[in-house]
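Consider the two complexes below, in which chain A is the common component and chain B and chain C are the respective partners.
So, the complex of A and B:
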């Protein structure tokens, strides 16, 4: 440890950027959420909590978009967990070529949500979509529909795409979790007469708990900030059935020029993400002492 | 998996039978894996071969393979969609931001791990807070600040937030790497008359190269793929990055499917190829990056 030439110089560039581009604007958003401002000129008016109240009134899609965020969270979580865990368990048998498959399943993670979303618009397309084509081919043609154009299915269609992109990532997390479980535990379970399913139920699952919690955290904080995929696939349409807080915020602020109201939405969204992340933080700290 | 030599003979009966139908099990496992791969990769494969078809061919039968592969589609999509311009914008934004992130973050990480100063832990905790702040919380003030500074529709307007947003995680990762290095290295260099900056740049920095690689990979990929800031700040076609340019292209040419498929292929195939080359570093970088410790 050294004391001499001003250590602050080393953190100064980072600090300047962090304060100037994250902290000050964040404080600005907080202040702005109590004002009405169209974004241009000095015509700014203090309205107190009005921007927050407006979010819960008719004409605002905030409540609907929160609900959609929760649906998105649950649906993507189910797709990603089921697929991720199942594939991790299968690939854990480490047969030949399984390493290659593990790598391939991860590959959608490197793609931007933009091409992913646009590509899946083709998959769901009523004219050329392969999903409808596949349904017709297996005799379920009655289920065929414009998946992204139908308010009943659009959100789930987007969730499936999100699951497609992230499943490989969760597979890697579960796979890494499985590698950390000491092999002796399986051996002693076997000696005690446990079947494959018993081993999974009583050894793997309990010891994957940490991984589960991390996955829940990532899914939850990710879901409440989701923007890219929805923008690429539906833009919140049809009839706001895929509207989420992030898309609604952008529309309020940059299409309706209601900067104050948009700021209030941003503050509420940040509070939600913080609550989720801090809950995890305290949970993790409490469990830190437990080892296996 | 099927050996049970370590089980005492008197208990072997209780254990699973040694000759499990391994072949049947393996066939079952391969079937699952291949079926899932088919489902997962068919959308990409379909995009690729559709990009070699003509529009009438696509509309006539979306599943069919191209009768005569038209590789011209790629060149045309590249030209008509101005993809070169968008790629260039993405390259400029990504490389500038990542260079700045690596430089600024390694300086700060060095200070947070090796130097003693008042408020160090508090400042570090503040940076950690940056790991969970949603971008949306700065969007509006930053937008009006950029407008006032005349930086609207410039690459600078996204590069600055990209750097700031890349810092917390990069500092966190690099600090962990610096902390693994023994302090004797530093002491020895000091005895030989090395300055603090010398210790940083000549002794420690070369030793945290794996950390620099992780930070570079993670930041490059997330900036290359970034949508929200680019969408809000870059409205002019001449400065749009690839994701936004692709979206604009898609909206203009919504019925020209062969061109759109070709553009999607041109954008995704190089990324997959890069992934296959750097898979280990990428998987590690992305996993570490998203776990945030």
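So, the complex of A and C:
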């Protein structure tokens, strides 16, 4: 059978863009990960797997940054999804001023990350920040601290900001999921004597599972891609306590002039995210789907 | 596949996304054409990191003047924000195959690095013509020279670690600028006891405290040992007695609570604002604060500067300053070398340099540009400091191989933030440097 060329021609522009912008740079990064190159000039040296080994030596913050990525994942998962779900449930009550609430909850999503980072730097500022100011005003001045300058709190402060930024996005997903659940199911549950909490636990939660699957995947891949907010708020400081793999590899490649090592970190990062996504996808597909 | 081809291709594609963002402004042909299709004007591409006013406005004006004087030359500016320019911007332009004809650069280490990479034209002979070289402060050539040849036309001198103080706070507390380290510590103690933050830093970018600590260490250890260690000469190590003693003095200050809290999470600009708002009495930073003060300091804010106080038993020159010259380099393979040099001659002419001094507060490297008529009184203070210094110490952040100096900058941040002792931090620094070697 002769295949028609038209479908292939239709996808050609998108394919060309994908190859030019994603595949070729990715392949280039992979090749470069086996070389030493400063990014300046033509001096380049093949070093085999040395750039990969260097990630685990003294002076490298790869392991620390990977750990921070995981902390960031867990913290943003809790903050973004819990707040997102809570806000979706509030909206689902169809209160007065529903539109105003929805706009308020969603509004941080329309801001780009750099202004969000700068805005929250002011909130957390040790001298002029409103957080410390508010704590002092209500008699909790002893809790005031340099939130972004203290390695014990800096990462969590960034996670909270991320939660503020993204909770609205998850709210929309959960709210859409809640709207899809037939009202008859709630009515049946009520006839069976279920309370509000019972309806939520036995009707809403199980039927939101598909949404949870998507949210968890988005949250996990988003956490491993985290860069812009951390770059704007802390730059990986203080003492690398907010360093994630993306900020560390940018530092290595562009500040340390070690493009080969930076490329090796990028390759390892890609593999990790790919494995997480595949594992999760495999696990999620095995679970049976509830039809309604 | 041939390794050379593979690497070349890899390098090219590696920079594709960066090029799309950074280099597109530099594209667009290197000659303008008239109606007959003949080239009418040469287009000289100039990359630099001057993005903020009043410097950018003055540079635009200078470019317009030059173009009016040379109708056959057009200058296309590619202005990139300083941090991006230093890390990604300039490298992307060269590696991506769109090198600028003229580009701004910091002196010393980067001059050598770009020369070795084949990106720098030798300007030594040009400077000898028409006594061009005589216009400049003779001390700047150490920053512009590599292996005996000059590759950088210096336009400004940056004193990167001057100690600025709030005059009103000093007066209210009966304090005078210190001349010795002991006096300095007494001042810090008095200020702290009176409820005032003595010294503020915005050390998020690491260089503010690292520069200051480096200067202090050079005073304690001596300039030769400082330079040997920062240059990673074989057999040297950061955790030597003199470095531990120097950094230990900052450790003692941190332990006494003389710094603003959370300084490693504060940006350099935020620290400048804290100083302007009177929330700290002293702020060590470069001469560029003069310009910020003109724009952002509150009405009636009075400030002045003092040099790093003398360390009583220090092995270094106690008059030294931490300094770097910056300026412009010309691409080695440019087709428009003569035009590029002509532009730099104009940029460093006395009249233009005077304008940069009077309107932008630039510490010009052109000798006769800074006078009492053209310069801000604070700039004159810097000039006086510069002239009275017998030794110039190179700043670590751009004066040495940044990749290898970063562990030292990390060590300073750990000590000034009270996380580690000077010895522990410098030993950690040595381990990191050993891994890099």
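By our rule, the second predicted complex is superposed on the first by the 265 of 292 C-alpha atoms of A that agree within 3 Å, B and C clash if a C-alpha of one lies under 4 Å from a C-alpha of the other, contacts with A are read in each partner's own complex, and residues count from 1 in each chain.
Just so it is clear, a residue touches a chain if its C-beta (ideal position, glycine included) is under 8 Å from a C-beta of that chain, and two chains touch if they have at least 3 such contacts.
Worth saying up front: this structure is predicted, and the values here are computed from it rather than measured.
On the superposed chain A, the two partners chain B and chain C do not both fit; they clash.
Within the superposed three-chain model, A:127 lies in touch with chain B and with chain C [touch as defined at top].
Shared-chain residue A:221: touches chain B; no touch with chain C.
In the overlay built on the shared chain, the residue A:84 is in contact with neither chain B nor chain C. By the document's definition of touching, both partners, chain B and chain C, reach A:25.
Applying the stated contact rule after C-alpha superposition, one finds that A:112 touches chain B and leaves chain C untouched. By the touch criterion stated above, A:14 is placed in contact with chain B alone, chain C being left untouched. Shared-chain residue A:172: touches chain B; no touch with chain C. Taking chain B and chain C in turn and counting the residues of chain A each one touches, the greater count comes from B.
By the touch criterion defined above, A:238 reaches chain C but does not reach chain B. Of the two partner chains placed by the overlay, only chain C lies in contact with A:54; chain B stays clear of it. Aligning on the C-alpha atoms of chain A brings chain B into conflict with chain C at a single listed stretch, 151-159, out of 151-159, 205-213 or 259-267.
On chain A, the surface patch touched by chain B in one complex and by chain C in the other comprises residues 20-21, 24-25, 28-29, 32, 39, 127, 254, 259, 263. Those residues of chain A whose C-beta lies close enough to touch chain C in the complex are 20-21, 24-25, 27-29, 31-32, 35, 37-44, 46, 54, 57-60, 121, 125-127, 145-151, 154, 234-235, 237-240, 254-259, 263. Contact residues of chain C toward chain A in the complex are 3, 6-7, 9-14, 16-17, 87-88, 91, 94-95, 113-114, 116-119, 204-206, 260-267, 270, 274, 279, 402-403, 406-407, 410, 413-414, 417, 419, 431-436.
Against chain B, the residues of chain A that register as touching in their complex are 1-5, 7-8, 10-11, 13-15, 17-18, 20-26, 28-29, 32, 39, 83, 86-87, 90-91, 93, 95, 98, 101, 103-115, 118-120, 122-123, 127-130, 133, 164, 167-169, 172-173, 176, 187, 190-193, 195, 214, 218, 221, 224-225, 227-228, 231-232, 246, 249-250, 253-254, 259, 262-263, 265-267, 269-270, 273-274, 277. In the complex of the two chains, the chain B residues touching chain A come out as 1, 4, 6-7, 11, 14-16, 26, 29-30, 32-33, 36-37, 40-44, 46-47, 50, 58-59, 62-63, 103-105, 107-108, 110-112, 114-117, 120, 123, 126-127, 130, 132-145, 160-161, 163-165, 167-168, 171, 183, 190, 195-197, 200, 221, 224-225, 227-228, 231-232, 242-244, 246-247, 250, 257, 260-261, 264, 267-268, 271-272, 274-276, 279, 282-283, 286-287, 290-291.
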